[in-house]
Amino acid sequence: MNTIKANTFNEIQKLLTKKVTKLFLLSTILVPVLTKLLVNHLFLIDWVALPTENINFTLLDLFITILIPLFIFIAATDLFTGEGERGTLFQVRPIRRIELFLTKVIAISVLCLFILLLEWLAVMISSAVFDKAFDIADIPSSVGAFIVSWFPIIVLTAFAVMLALFVHSSVLAISGMIVLYLFMMFIPYVLPGSLYLLPSTYLDWYMQWLSDVSFRWIIQTVTYLCSSFALFFSIGYYMFNRKEA
Amino acid sequence: MVITGMTKQFSNGRGIQNIDLTIYQGEIVGILGPNGAGKTTLLKCLTGLTSPDRGKVELFGIDIQSNYKEAIGPVGALIGPAVAYEKMSPYINLKMISRLYSGITDTDIDMVLQQTGLTPFKDEKISSFSMGMKQRFGIASALISKPRLIVLDEPTNGLDIDGLLLLRKTIQEISKHSGVTFVISSHHISELEKLCNRFCFLINGEVSLYEAGNEPLEDVYVRKVEVAVR
Amino acid sequence: MNKKLLAVIGISGTIMLGSVYSISANTSGYDLYKEALKKTHTAESATLDFNLNIEDNKKSIFSSHSIFKSDSVNQLNSISTRLANESEVSNMNMYKQAGNWYVIKDGLDQVYKMDMSKNPHHSNTVELKDDVENLIDVMTKNLQQQITVAEKKDGNHVIVLDLTGKEIPLSANALSTLMIKHAVMLQDNNEMESSDFHIKTKLPELDHEITIKQVKLTAQVNKENYIEQQTIKVILTGKDKQDTRHELVLSINLNATNYNQTTVTPVEIPADKVVEFNHGR
């Protein structure tokens, strides 16, 4: 088996064994279903008729700005800082450092995509079951929104991995990342100039794809996402390469 | 396997200097030395876990610095505590390792578990293992890839008598049947004496070699240490 | 190896900063509008033609047409308003002179005087405005990209923000629904004591399934960066207690002309006809 494919598989298997991953996958299904149930069958239906699509995208927002970043932080901490602590990071195996690093990043990203798709499926199915206003014609735009959301998430993964390599303690890594993330969410209110510098700003960029996208804006944001990914990835690899078992 | 002019210096002053060592196919080499002499460092450099400050390591004629993957492919190692994902069973751990190589079947995994006496525990989580059982797993993970060179750092640590006997038997069997090269470090002089046909003393960061002979190994060791101190 | 890696770090970092710079430098319709709004506020005088119309299921239930002349140098304002609902029409004129507002209504022989001295509206500090601006800038970052700008042949810019369905933030939708519910409840309570000045509007009492369908804002900015025309259109749907479906359309059309050239002539207010009227009633 190809080394990259094989080790990506291994890293995913490691993440899937963790209880917290199972919890995330479970909530990916439960949150949309419960929301729909709550909106349609409990107190809310009485007078508010929030558009179904609106709720679907709010659910997406919840995942891409809170739950998936949290998952990324936990996964990056576990695969890098945590394995460093437990001494399982480097082994005498026929795999290059760059392959090891890359496969760990791929594993986290692939699981994020899986969470996104699972959530989309949960949203769509619960929408079809509970919502009166469910419209099949909305499916292309919503699946598109979920998929484009993956790209800023990959960038955030590289960012989290880079941070995980700077610290040696898992507790410090995870708490540091959460604090930093909250900080990134709020700093633009004080310093508006920093807004477009932060990878967290681009997490909900799917909104702009839903309406008329200007070509200029696509070029700019895609350039940002690619270059920031390259930056975080290469700094992360630099740190990873310097580490010794 | 050739080591030339290898030096690795740590910030605390310890380390190994200018080591030249050649090991031939099919040998079982014992590495002896007091604590802190650099045995583990030597083995880590040998397997590419750390890179030396200076010098070169060649395995089967391939430089490990420039061609790590090819050089390390035929190497199995247990250095330090056994490397395992504790939430998983030994079987799954070995399965994951086997994905990184080609041609390792489930039968091979079962055989290695048999060789290390872990078959009854193959589906239990490693986190529930005792120290000795973890060590057995470590040995299993070094053997699983059917390596041509096996590097074991203190393999007898934590092993019970059964484990010790099983390990000795396994090493002798593998060596006899497939001509695998072993490099084993240990404090147990008597254990090494039974297994090895060549010894490498690592004292104060320098090596001296000794072919297995009639003189008890313990005497040789004491003499070497005395020479080094003087 | 390390050198290559450092080169990648350097290059990607530079490109990233470049893209951040270029995104920040985007002159979007949002910025254009913000600038025009600031400029318009500095105008010393202007004539505004203000039209407001509310339709319920395509039938006009309320309309107003006002001409508002403002001269901030001389502290003079005049507004003439025509209000109409389904059956009635009413006209009134308002003047601001000598620091007070005077209201003259058609068919009434009195002049109402409103004391504005207690009005606390002008206490905004510049600093607060900046903070609010930051807040709005960040909160609307996704909406900003949806604002389009078209340049017309005569040099004017047309700025459009058109939001439909899912593009309207959920929070805005929930908030407006709450406000409408609240307004309906207030209307119920205040039925008896409606003011003399205002002509009553029979808004349908929306009860459930209240949704904003569309919000469309357009603005036309002229070469001098003044806002010449501003339109707002909001479409809202909902059902009343009888389960009848209503589509309410609120449209506002504002035309501004004669920037810095409007003169307001003070009117003669016969002192004996002035009646004090408390602001805020």
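All chains are identified by letter, namely A, B and C, in their written order; residue positions are counted from 1 within each chain.
As a convention for this text, a contact is a pair of C-beta atoms (placed from the backbone, for glycine too) under 8 Å apart; a residue touches a chain by one contact, two chains touch by 3 or more.
Nothing here was measured: the structure is a model prediction, and the numbers come from that model.
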item	value
Farthest chain relative to chain B (centres taken as mean CA coordinates)	C
Innermost chain, where centres are averages of C-alpha coordinates	A
Separation of chain A from chain B, taking each centre as the mean of its C-alpha atoms, in whole Å	41
Inter-centroid spacing, chain C versus chain B (mean Cα positions, whole Å)	79
Complex contact set, residues of chain C against chain A	1-2, 5-6, 8-9, 11-13, 15-20, 22-24, 26, 134-135, 137-138, 141-142, 145-146, 148, 165-168, 170, 173-174, 177, 181, 207-211, 238
Complex contact set, residues of chain A against chain C	46-51, 53-58, 188-190, 192-193, 195-197, 201, 204, 207-208, 210-212, 214, 216-217, 220-221, 223-224, 226-228, 230-231, 234-235, 237-238, 241
Chain A to chain B touching residues, read off their complex	1, 3, 6-7, 9-10, 13-14, 17-18, 86-88, 90-97, 244-245
Touch list for chain B against partner chain A, complex	44, 47-51, 68-70, 72-73, 75-77, 79-81, 83-88, 92, 96-97, 99-102, 151
